[in-house]
Amino acid sequence: MLLQSLREEVLEANLELVRRGLVLYTFGNASGISRRDRLIAIKPSGVAYETMAPEHIVITDLDGRIVEGELRPSSDLPTHVELYKRFPNIGGVAHTHSEYATAWAQAGRPIPCFGTTHADYFHGPVPVTPRLTSDEIATDYERNTGLAICHLFDQLGTDEISAVLVAGHAPFCWGPSAAAAAHNAVILESVARMAYYTIAIAAGAVPISAELHDKHFLRKHGKDAYYGQVNSK
Amino acid sequence: MLLQSLREEVLEANLELVRRGLVLYTFGNASGISRRDRLIAIKPSGVAYETMAPEHIVITDLDGRIVEGELRPSSDLPTHVELYKRFPNIGGVAHTHSEYATAWAQAGRPIPCFGTTHADYFHGPVPVTPRLTSDEIATDYERNTGLAICHLFDQLGTDEISAVLVAGHAPFCWGPSAAAAAHNAVILESVARMAYYTIAIAAGAVPISAELHDKHFLRKHGKDAYYGQVNSK
Amino acid sequence: MLLQSLREEVLEANLELVRRGLVLYTFGNASGISRRDRLIAIKPSGVAYETMAPEHIVITDLDGRIVEGELRPSSDLPTHVELYKRFPNIGGVAHTHSEYATAWAQAGRPIPCFGTTHADYFHGPVPVTPRLTSDEIATDYERNTGLAICHLFDQLGTDEISAVLVAGHAPFCWGPSAAAAAHNAVILESVARMAYYTIAIAAGAVPISAELHDKHFLRKHGKDAYYGQVNSK
Amino acid sequence: MLLQSLREEVLEANLELVRRGLVLYTFGNASGISRRDRLIAIKPSGVAYETMAPEHIVITDLDGRIVEGELRPSSDLPTHVELYKRFPNIGGVAHTHSEYATAWAQAGRPIPCFGTTHADYFHGPVPVTPRLTSDEIATDYERNTGLAICHLFDQLGTDEISAVLVAGHAPFCWGPSAAAAAHNAVILESVARMAYYTIAIAAGAVPISAELHDKHFLRKHGKDAYYGQVNSK
């Protein structure tokens, strides 16, 4: 069986979405990529999490064609494929319908950076794609969802926001690994929830300053990071 | 004892409502029907879920008269009966006072389709009945609740929305089986919650396009469905 | 030891408040009364629920003087005493700071009857007391809290609403037993939560009709009740 | 190993934040101080709670220099240090990003005292610091966070509010011990949640009277307290 450890990591990332309450029934999907092998490992479509095992993870090539696996891959696979093409340094993608992030996506509003929790993870507001056109929906819908995300990031000109809201749909997150992508999905939901509360408390709430945003993002990311134990020796 | 396996399925559907946090104490009820036997199996009224067993499920005929069972059936049975008459293809009905769906029912507002989660399950806004009249309340109240739902769907002209909000009361859901009805009740609550959040984030939020709505509903339902493993072989 | 079974029932009612998530730490208190013995059994003040046992329940007379018990009774005892005097048919009282009911109390707004869940239990809006005056706060504060509730019900002229919101404080509930009082506290919190959601969905939401309110209250209470198994034989 | 019992108490306070749902992943931190030894014990930065043991707690001097410990201390240590200097009677500090308290901090609004739950713990509204300036962020950011809190309390002229909201960031709480600080963090979140609900129910909700505020604060704190068992013998 190909890529045993990647299969296990992808399974674990999917289960993390369950444990954190981000998915209902068979909703959601996480994948990982082996850049060396040019293979993607992704959750099968519509299978119960309770009985999912590494052998159920579907292995595909970088165009999403099945290389190994009895089951059909997640129907969102073409979106994952486009993200892996667009962001050459990422190792995992996670997609959920977590309720607060999805509500922002449904409302068609980016999530402003109202506080340091957000700044610790995402270097800017979490953006929202335009709504897909009828043509984009009619043919290659899931691939066009991915292309809409890629186009949005081309315009934004940043790779330091590892999350996006697809208008009228839900969030996608990514990271250096499947585990990191799932972790970002969990954080995004908390950030989405707090932003929701914030505008209810103060309709005119304003984002934190660029200086505070940079301070928090950079104390966790990049060469001068000093949060956690990573650089402590 | 009649219909052992239907009893077990109906019991299990009722317990699913408990596990998913949709019911308090003895609230809620799910039923199933055997079209062949022309019999309905339904939860008894006001009995604790913790001790409920298949033999407590009440068996009635298609007019709601008890055929087998020591206990009184759910007081909402006449509503279930009308739904089974109106929708000849359904196999189960579930009723809860799940809090977000109930709030939409109390507000008297249909739940707009703000996103693909909704579109995956319900092919249109989840409609709300008119308020019952004094006469409808005075006599045969529970049956009139069912008739109000049936009349609403006659007007809507669709059978692809397996859920309804009864104004000032709560939701009813249905499906091909008792399990499917309970599953729809769980999804409806999530959809109701996200719609609630959506209008709080953007008071003027607009539904998704008809194309996106169709795309998601039809990728899970009907002859060209490609979500899950059902058609994968 | 006096009143062993009442002690156990009161302990159990207090623990029900914990299990249902209505209390934080040592918040909340439930009591029961033996009308025959003219004695009240109430939770001790500020004691951890985890280690509470029947012998910790404090027994007092109808004026709140300790008859048996090493511990100090709940500081809200004088409020319970006034409720027992005012409502001669009740057997238990429960007080929590459950968060949604407390929010309505803090907002100083009665909870309108927006749906049948409310109507199943409370025969009218859940009323809110006026704010206590400086004099009522300065001396015999807890007793004056009880008197404010009693005065409010004198004005309302009904005994069919077994719950009240004390303005700027929190709810008190009661019933035929300590268990019933705790049960009502749990239902009140759910009703308060759904009413909160309802006004967020529709600011101008209107209560259900008097006919529907009566129908639901009377199908569960009084001589013609037909909900549950109580009258089924 | 220095300060075994303080290490255990600090570990336990950190775990209480987890048990009460106040922290996600490695978020949050609690510390304790030994005034006699002039040493602080604080959670390490970015370490998983599941595997944290007393030996992982970092011991520092009163200027935040490590005295014993292999791990890097929480990056918020300099904020804790300033609080210990400013409030000579406190024994513990707790910091979380608990979601409702953080939302008030993000909105930049103090939490008004809308009810007796708040009054039982905090003798006035929970205040919010001004936003930090670019200079305060650029150098010694975490220390300046602490100084902003201290300056705010200098202006308020009270030591009877053991909690603060740092604008655009999150709450800090303190108390006579690490356990008490964590306890206050839990209460603050409940109070923040109820205040959030209160303004949603009534946009113009008003705080409770000074008399009621004093009554509740003083029945739990100070020489005439009569809540709980502390003074009952």
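Side notes on the structure shown:
The chains carry the letters A, B, C and D, assigned in the order they are written, with residues numbered from 1 in each.
In this text, a contact is a pair of C-beta atoms (placed from the backbone, for glycine too) under 8 Å apart; a residue touches a chain by one contact, two chains touch by 3 or more.
Note that this is a predicted model, so its numbers are computed, not measured.
The rotation that brings the Cα trace of chain B onto that of chain C spans 90°, given to the nearest 5. Of all residue numbers used at the contact between chain A and chain D, under half are used by both chains, marking a mostly different-residue interface. Rounded to a whole number, the gap between the C-alpha centres of chain A and chain B is 33 angstrom. Averaging Cα coordinates per chain places chain A and chain C 46 Å apart. Touching of two or more other chains is recorded for residues 200 of chain D. Here, these are the chain pairs in contact: A-B, A-D, B-C, C-D.
Chain contact summary for the complex, chain B toward chain A: residues 114-117, 183, 186-187, 190, 193-195, 197-198, 200-202, 205, 208-209, 211-212, 215, 219, 226-230, 232.
Looking at the complex, you find that chain B touches chain C at residues 24-27, 44-47, 71-72, 75, 97, 99-100, 102-109, 131-132, 134, 137-138, 141, 168-170, 196, 199-200.
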